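Both complexes shown next keep subunit A, but they swap its partner, so subunit B is in the first and subunit C is in the second.
What follows is the complex of A and B.
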């Protein structure tokens, strides 16, 4: 009898300490928050609000999926925000000033992200530069580079009237009902879910993922067992860079005007979302699906709080509290 | 012999002095609010063109210019550093558009004590110590906000008159600290209230406290008002956050019009409408009015998403700033210059007097 009780208690503790518990908690918070905003504001209940939340979160979502990998290794990437703006600025420059076709500019934008990820990975994994310092440097580099290469000018991707504006349909379709009403379809969510599923599979069911998790939980043990830690650590940063490049394209598809000063702070939302989603800042565990939920929560707050009359300062304050709560839960549930 | 040598030496000294006087050079430092809006790039273009013109007239590189600005209008510290560097470059005059009214008082005192003239441009340097700023080259932002109100009013007056229920007019401002944006925002509200009062309609103002408290007209309680003006300000001056504020406004059933008081806020309105499709130029749509231009806003006006916008004359601001800097560097008297503004819609966007001030 006593043994059964002890076993049950142990099982409960194990469940509370599991990542599944944190994700279930997050889903519950998301549902409650959504229900609260719907109850507080009739306008929030509309389908268009849901479509708006989706259509404006793609770039943060891609950043969060990407940064989950370096965080799991025990690192981070601070260069994502300014990198995103830098790559999309240069992509726009290649199109406008150098006559590149749209597909060429999109490809170059994504590859620039991967290249910066490689540089970050080389610095962190091969040269043993602390990730914070390495990516702080590349953050500043990107901030300067975008402005220098474009002469401090804003960049524009095809907007409504221009040829090539169809690329925005990758993320958002608009269908016209019989009544003439236009309805936005957040097509980008399909690609986001697909990418999240693929990257979850990469993290949990491939050698790449296992080694990346292994680097975060026991780098030395992994090294002693003959694994090329430098290579797999670099790959985590390359994945992050690649997703930053994709995020740059998503950002250009949402806001066609790219201004050099923006971007700083985007990475904090992405890192915050990954942590809220259960990825441990000390490395060794994490979840792409959790990061996805974390971005949903941040986006829900960003759009929802103004609906109930609270300005964006409250959004920062509430997001900060949730982030601190998530980190506290992360610490408490660890033995 | 000695006399001849002395004569030759004197001649050489006079010639050298004359040559030096003839080729006097001036170094101008300009600290702007940054390059984040294409508006500032147009100011830079105007300044560069004027420097080139003056140098061509002089026949040598008489003026050198260094034009800088912070990465964003929220980067006060970066602009303080840039102003310090500009001062350390020993310029003959400094052009300055401050992102914050209070962060520069010590630096301005220091500049004044070194006798370097400051010319304010765009929003200038409000609250600067007496005598530090010699003159300003700027749009009268209060009048520009009023121009947006007048342009919008023509389009909505019939709808207000025919409505039995109160109607709402929204305003999105990227911040409540920058002089140009706040003056525009207040100018817009004040003018709407004046126009409403002329018709005998009461107007209420709600939302951001700074704007509500700064309005000069008599505010009615919301329950008694025929027109409710709602002002929204995001935490940071970005298109994404302005879009979130605009999205809330555009979701209100009683909203008939909305004003975005600069390029960032107006682009935020366009981005928010991208999922709602309520803005337009028809009788049942929300009449959206922006400020400045840029590729996105121009396309939105051509497509009828925005009804119109107010354009300043950014190229002229750059040109006049250089003229005032040059004159003050030479010690000539200078005075404030209003560089003007105009309301434009799809109908006159290509007219020469408008098109020359629009930029991508």
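What follows is the complex of A and C.
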């Protein structure tokens, strides 16, 4: 009798401490928040607003999925934001000034991300440079590099009126209904969900994921089990770099105009989203799906708050509170 | 009536899913050393945590110096005069000895810390304890033993009345243990109440006055040390009698092939010209004092630390081992003395830890075949009798002995033929120890070759077929189990430094 009660209590506590609980909590908050904005503003209720929210968050989503991997190893990547701008600037430069085809520019943009990730990974895993310092360095490097190579000029990627307009449609398809009404379809969301599913599988069902999680929770034990810890730690940063490259493409595809000097802070949104989604900043556990939900939350606030008359500063403030709240709840759940 | 200074009565504590303390009674008298014994998980640590305010009790009463007390933090307990000297020392490495002792209550002169007075006070404490430590020395320059003495000095400076020692000798050499015991005797004579937690039966017999045994969170009983035998205590701890009989003959068949040959291995200061052979199915014991270079030898052999020189042959062929990865590929498995850090990934499941060294065998294309992984883990849980509710359980929830079994399973799954056990039963309770011993003997019987590093002579004598003794980085003795005695091993382990100096000088003169 007493035993079953203890067991039931233990099971309840185990559930509260499980990541599933955090995820459910987050989903509940998302739904409540969406409902709140809908109730508060008729304009928010429109389908186009929803499409707009989706369209605005692709690059943050990709960054958040990517950065989840270094964070799980106990590291971080601060170079994502300025890197994103740097790669897409150079991509546009290659296309506009060097006559590269669109696909070549896209490929180059993605590969630049992967290359930067490799450099970060080498510094962190092989040379044992603290991740914060290493990626702070590459963050500054990227910020300077993009502007230098393009001479400080803005870059542009094809918009709807140019040849190559199909590029934008990868993310945002606009169809014209019989009534003549133009309906935007956030097609990018499909790719995002697909990538999230793939990376969830990588994290939970492949050796790469198993070892990356292992590095975050028991690096020495892993090493003494004969695992090449340096290699897998590096791979975490390469994955992150690759996703930064993809995010650069998504950014180019959604916004077309790239301004040098922007981008600083994108990485913080992504890191914040990953943390809100339950990835542990000290490493050892994390979830791609959680990061996805974290970005949804941040984007919902970003778009929703202006509808109830609060500006972008409020969005930052509220996101900050939610981030602190999330880690506080996390701490309280796991004493 | 004896002078009781501290009484704990009917202490009850429940953690989720565990009844950690079930109406436990415990008392300490002035001027006695009271041993607290029990297997790991018996509730000793929890009881001490309740006492020192680290965790709150559910019910029961603590009476200290005639008053009912309830400490809400270790600080409060310390203030009242109950101090714990932890197994892991809590010193700040880059501060001086005196600064550590007076941390948080530094004497001031105006706005500034009065270092001179601090050093003088610390020197006075050391004089009182008859310890020779310079208060101005940086803490990290001291040996573990000296750091521990600083902890004791700190406890006394807090005007402690009860001092709790939590496995104080775990990291000490024989000599240092003697010194510690002298200090403890001294403290007892001065009227301190001392609680002594240890797994080492010899120590308990030597320096304690009473022994209280706990089992599964319950108070089993208290004995007068002088009136009981080791067997009495052990049988109370495990509820059955265990005899630790030494092995008398080499069970490794004569003519068994040499699977591992190490020649002139040198690595750093603590591995100097180490050469030995390991036969198939043999348990080769590495005896010696703490700091003799045994772990360092194992790590250099395993590729975990760099080697300066020396060759390793496996099955007669020269092996290139430069990383643990190479060693694992060559069929060597290493079970570290520090399981928490080097042995298992604690937060991860039994299944994941079981396949950690051979995950490539569990792949189905690019994905991990989790069903097969769980199946293999479950097989080994069954075969090794690992106590775990299921294979999804995080390893940190298992007891020390069962964690060790998971690590053994890891090397079995990776087909390691040579297994290096570094202090295989450190921090493992008596009952589980027995099981680990039986397991190791069985592994040797099935043809695994085992190197066992152990600081417990009883363990060395119980399991080894052959014994190698190391001292200060060198092999100073090698004997068959049939000829081995405790005296011979201890003699080799403390072989005179002079001899070695000479050998070292000769070596140094070589180009």
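To be clear about the criterion, the second predicted complex is superposed on the first by the 334 of 335 C-alpha atoms of A that agree within 3 Å, B and C clash if a C-alpha of one lies under 4 Å from a C-alpha of the other, contacts with A are read in each partner's own complex, and residues count from 1 in each chain.
Just so we're on the same page, a residue touches a chain if its C-beta (ideal position, glycine included) is under 8 Å from a C-beta of that chain, and two chains touch if they have at least 3 such contacts.
Given the structure is predicted, the values throughout are model-derived calculations rather than measurements.
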Quick one: classify A:210 as touching subunit B (first), subunit C (second), both or neither. second
Pick one for A:9: touches subunit B only (first), subunit C only (second), both, or neither. second
For the three-chain arrangement built by superposition, which of subunit B and subunit C touches the greater number of subunit A residues? B
Using the superposition on chain A described above, determine whether A:193 touches subunit B (first), subunit C (second), both, or neither. neither
Touching partner for A:264 - first (subunit B), second (subunit C), both, neither: first
Mind working out whether A:153 is in touch with subunit B, subunit C, both or neither, as first, second, both or neither? first
Contact-wise, after the overlay, does A:218 reach subunit B, subunit C, both or neither (first, second, both, neither)? second
State whether A:306 touches subunit B only (first), subunit C only (second), both chains, or neither. first
Which of subunit B and subunit C A:182 touches, first, second, both or neither: first
Residues on subunit A touched by both subunit B and subunit C none
Within the complex, which stretch of subunit B touches subunit A? 34-38, 41, 44, 70-73, 75, 208, 232-236, 238-241, 243-245, 247-248, 251-252, 267, 271-272, 274-277, 294-296, 299-300, 302-303, 305, 360
Seen from subunit A, its contact residues with subunit C in the complex are 6-7, 9-10, 13-14, 201, 205-207, 210-211, 213-214, 217-218, 220-228, 284-285
Flag every residue of subunit A that touches subunit B in the complex, lowest number first. 43-44, 46, 48-49, 51-52, 55-56, 143, 147, 152-154, 156, 159-162, 172, 174, 181-182, 184, 254-257, 259-262, 264-265, 302-303, 306-307, 311-313, 315-316
Subunit C residues touching subunit A in their complex are 14, 16-19, 302, 304, 323-325, 327-329, 334, 336, 341-348, 352, 356-357, 359-360, 363, 366-368, 370, 410, 414
